[in-house]
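Labels run A, B and C following the written order; every chain starts at residue 1.
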Amino acid sequence: MTGSPEEKGGAHREAPALLELDDVVMAFGGVVAMNQVNLTIREGEIFALIGPNGAGKTTAFNVVTGVYRPTSGQVRFAGQRIDGMKRYKVTKAGVARTFQNIRLFHNMSALENVMVGIDAHHRTGAIGAVLGMPWHYREQRHGRERGLELLEFVGISHRAHDTAKNLPYGDQRRLEIARALGTDPKLLLLDEPAAGMNPAEKQSLQELIRRIRDDGRTVLLIEHDMGLVMHISDRVAVLDFGQLLAMGTPSEVQKNPKVIEAYLGAEADAS
Amino acid sequence: MKGNDVTNNDNGTATGNGNGNGVKRSSNPLSGSMDRMRDWWAGAPQWQRWGVYVALIVGALILPAPWIGAFMSPDNDWTTVLFFPIGVYMLMAIGLNVVVGMAGLLDLGFVAFYAIGAYSLAYFGTEYGWNFWATLVIGVAITAVSGVILGAPTLRLRGDYLAIVTLGFGEIVRITANNTDEIGGARGITNVPHPPDMFGQKFLFDPAPYYYLMVATIVLAIIFSRRLEISRVGRSWAAIREDEDAAELMGVPTFKFKLLAFAVGAIIGGLAGTVWAGQANFVAPNSFPFILSATILVAVVLGGSGNLPGVMVGAFLIAWLPERFREVQDYRILFFGAVLVLLMALRPEGLLPSRRRRAELAEGTGGMGSMGAEVAGPTSDPDMEVSK
Amino acid sequence: MLDDLSSQFLPSTVGGLAAGAIYALIALGYTMVYGVLRLINFAHSEIFMIGAFASLFVLITMGISAPLTGIALVGMLLLMMIVSMAAAGGAAVVLEQVAYKPLRKKGASRLAALISAIGASLFLQELFALIVIPEVFDTPGRNTVPVPRIADRDVLFSIGNANIRTDHVIVIVAALAMMIVLDQVVNRSRMGRGIRATAQDPEAAVLMGVNIDNVVRLTFLLGGAMAGVAGMLYAFEYENLIFNVGFILGVKAFTAAVLGGIGNIRGALVGGFALGLIENWGAIFLGSEWKDVTAFVVLVIVLMFRPTGILGESLQRARA
């Protein structure tokens, strides 16, 4: 849809905004996990959210996907307000995610996991299934075919019929991505996708994320691996103690003194 | 035939993992041979499957034969026993399996729907003289609505709270029937109409036609619940059972599907009640005690929650053993109680588990997470995980 | 209707407080076990039942057939209480060992634990119906067993048209006293700290050197002992026992625990009295045959609108 050739690989400033956070505050009792965060993510970009542990990154994901309702502020997706919306409706609207600690349906097969995601846009209900209506069969077939396609896309189609929990760790991360892609998101949120991966796996993950973007999807990721972040991101935002510290291209952010201080604070003082 | 096309494919998905990579095989010989049978079934050609279906149905039809009854039920009329408790328990277990086995919701008041089904026939049949089939339709509608009425306010609750609330609902229905004179109060309703003649069969006091009616109802219920299981609906239930939050975030309207599970379970339970009342001719509040809910739960759990053949075997055993061995009749609830405790400690997945469910119950997912105060156990708090 | 209200309000209040005291004592066991294990100890109602029959056993063994007075009465009540506490507390510990500990060790699902609890509940009821009641009390197992009256029901004083009798005072005072003792034990003693720590965060508690098995055993022992006192007071006040006496009472006590905020010991007290009053006041309008329904409806409404209860959940935070 988006991501026309000339947009790829750089200047996205002209692309329309896909996800906007306006002055989002998320407080739990006295703890403010997000303090007046403003963010705009544009169509077709790979956007990374970085920051130390406890900076509010996953909280931001939870606010965007409807797990939390922000204390104040607005979240808009493709111009439509999604804060306070039911979680499955946010997903249907085009936002899907993976989890920092893998949360697959462990005892279902890989293919079934992906089919659950694909079902988000299916409509067969109890009556259609019981009476064997044509759309039921159409959707079953679609789910299977699309599911295998997505498993192929993320590179684990040979494990389609294996139980999710029996997959190796890296494959489980890929399966989570495939399941999220099943919901056909415009915006894909990846929560530390490279955690626990070896360099070769990281390399192919990096390619996978690019291919997802080239498919016309926007990617928002949380990642601690700076090499990966700096390599594939179009833009980076830095969160620290719930505050947006800096935002810009990877090289801009790397040079930002505030970021250097936040990340290297101790060493900077010492020198 | 289309229906089988899908069954086929689903079996491919669900059991394809049996060849080496699947759920760890239990060393138990029973589940070992079960797995072999399942693998055979998954690979069996269409005609062999139909052969099994036909054989099962023919078996069910000749089951009331006296020579079988002589062994199975020397003390009581075998056909009567086949209808009640065996048939009724099996049908109810199929219904409760949708709620507990497929959607992972613990319902301790399932008897309420059975009661509502039975009372629907009794009330509309005696007060308005409606025919059995008309009330069957109305009864199904009423039980479905009552399932929704129970579910709508309660399905957002934690799993164990839900269990207690459903128990309360079962008691509310029984006590209300007991206290309401319009439906006979504690004395209940007599002269409940029998079904009209069908295929030249008279539905009076001979249990045989009721038994065949029950077989037909059970076959229908099996087809229904099996078709649901392999559809988007069943996948959503399985996802909810495994990780409700993740399911919702993958676009599953969890509340709607949980409500649906309650309604479907209620309908099947209600059907059991209506068919039973058509034969029994008489309904009263004390036919619907909590212990009946617990008994059906034992059947589901014993057989292998989530696995239809297992659940039916469980229901058959629970219904038949006390009838066959009259000397243990008095001790059956004592025995059920002990079975539940032992089963949960030794084999929580039941006698014939579904592959998936077996793993879930053993490792502390399966709807509710693991118990607290056990550090070794897996993480049990989904809310915590989302926010990590 | 208004006449009913004015003439029955005060007597219903007294009845409600007496019933509520017993609910509160049973609710303590639910609340403590839930706080520590996140388990609805479904068989707790049978622990109560065992406590009630233990008191009856004392009366029969001592050959009591006429009401007592003075020191004899107090001594008899204390003896009943001690025996009931020991029987119920001991039964609760055994229950934990047999029905829950194996599951705990495996990290089994809470669904499995709840099913095991239901099994234990059915087993204990039937054990009494089939064996204990016929053998020990010489009564057909499913019949009600009468309890001899041990204190005359003299009117001590009146408030309006409500007569406050000896038995009311004994039940309410005994229940309050036991609750204060328990509250002190949990809040002051070292063992009590272990319970609270485990309820808050089992993993941290283990790291701090708390022995989980001991904490769980103690929790069951204390909860069971309280149910034993409740059983003794029930036998004393209502003078009829049956093998499934715990069933409805258990659900009501659980309602009381939820009403007060499950996991919250003081909440159990508040919830117990609140429920006793609500159902007795409700009975003025609806008739006493609807009491049980009222209690269940209260449960549903509380869970829907304020699942953390009146006082909130304090031994632990609300968990999904």
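We adopt the following convention: a residue touches a chain if its C-beta (ideal position, glycine included) is under 8 Å from a C-beta of that chain, and two chains touch if they have at least 3 such contacts.
For each chain, UniProt lists the protein as follows: B, C = Branched-chain amino acid ABC transporter permease.
The structure displayed is predicted, hence computed values, not measured ones.
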Practice task
Farthest from subunit A by Cα centre, which chain is it? Let me know.
Solution key: C
Problem - Contact-richer chain pair [B-C vs A-B] - result: B-C
Exercise for the section: Could you tell me which chain's Cα centre is nearest to the average position of every protein Cα atom shown? Expected result: B
Completion exercise
Note: subunit C sits from subunit A at a C-alpha centroid distance in Å of 50
Problem - Inter-chain centre distance, subunit B versus subunit C - centres from mean C-alpha coordinates, in Å - result: 33
Practice task
Indicate the whole-number Å distance between the mean C-alpha point of subunit A and the mean C-alpha point of subunit B.
Solution key: 40
Problem - Interface hub residues of subunit C, defined as touching at least two other chains - result: none
Exercise for the section: Provide the list of subunit A residues touching at least two other chains, using ranges where the numbers run on. Expected result: none
Fill in the blank from the handout: Listed in rising order, subunit B residues that touch 2 or more other chains are 360, 365
Exercise for the section: Would you mind writing out the residues of subunit B in touch with subunit C in their complex? Expected result: 104, 106, 108, 153-154, 157-161, 163-165, 167-169, 171-172, 175-176, 178-179, 290-291, 294, 297-298, 301, 330-331, 333-334, 336-341, 343-345, 348, 360-378, 380-383
Exercise for the section: Over in the complex, which subunit A residues touch subunit B? Could you list them? Expected result: 58-59, 62, 65, 67, 86-88, 91-92, 96-97, 99-101, 103-109, 111-112, 115-117, 119-122, 124-126, 128-130, 132, 136-137, 139-140, 143-144, 160-163, 165-166, 179-180, 182-183
Completion exercise
Per the touch rule, the subunit B residues reaching subunit A in their complex are 2-3, 5-6, 9, 12-14, 16-17, 21-23, 223-224, 227-228, 231-236, 238-239, 242-243, 245-254, 260, 264, 355-357, 359-360, 365, 385-388
Fill in the blank from the handout: The subunit C residues in contact with subunit B across the complex are 36-40, 98-100, 102-116, 118-127, 130, 198, 202-203, 206, 212, 215-216, 247-248, 251, 254, 258, 287, 289-290, 292-293, 296-297, 299-300, 303-304, 307, 316, 319-320
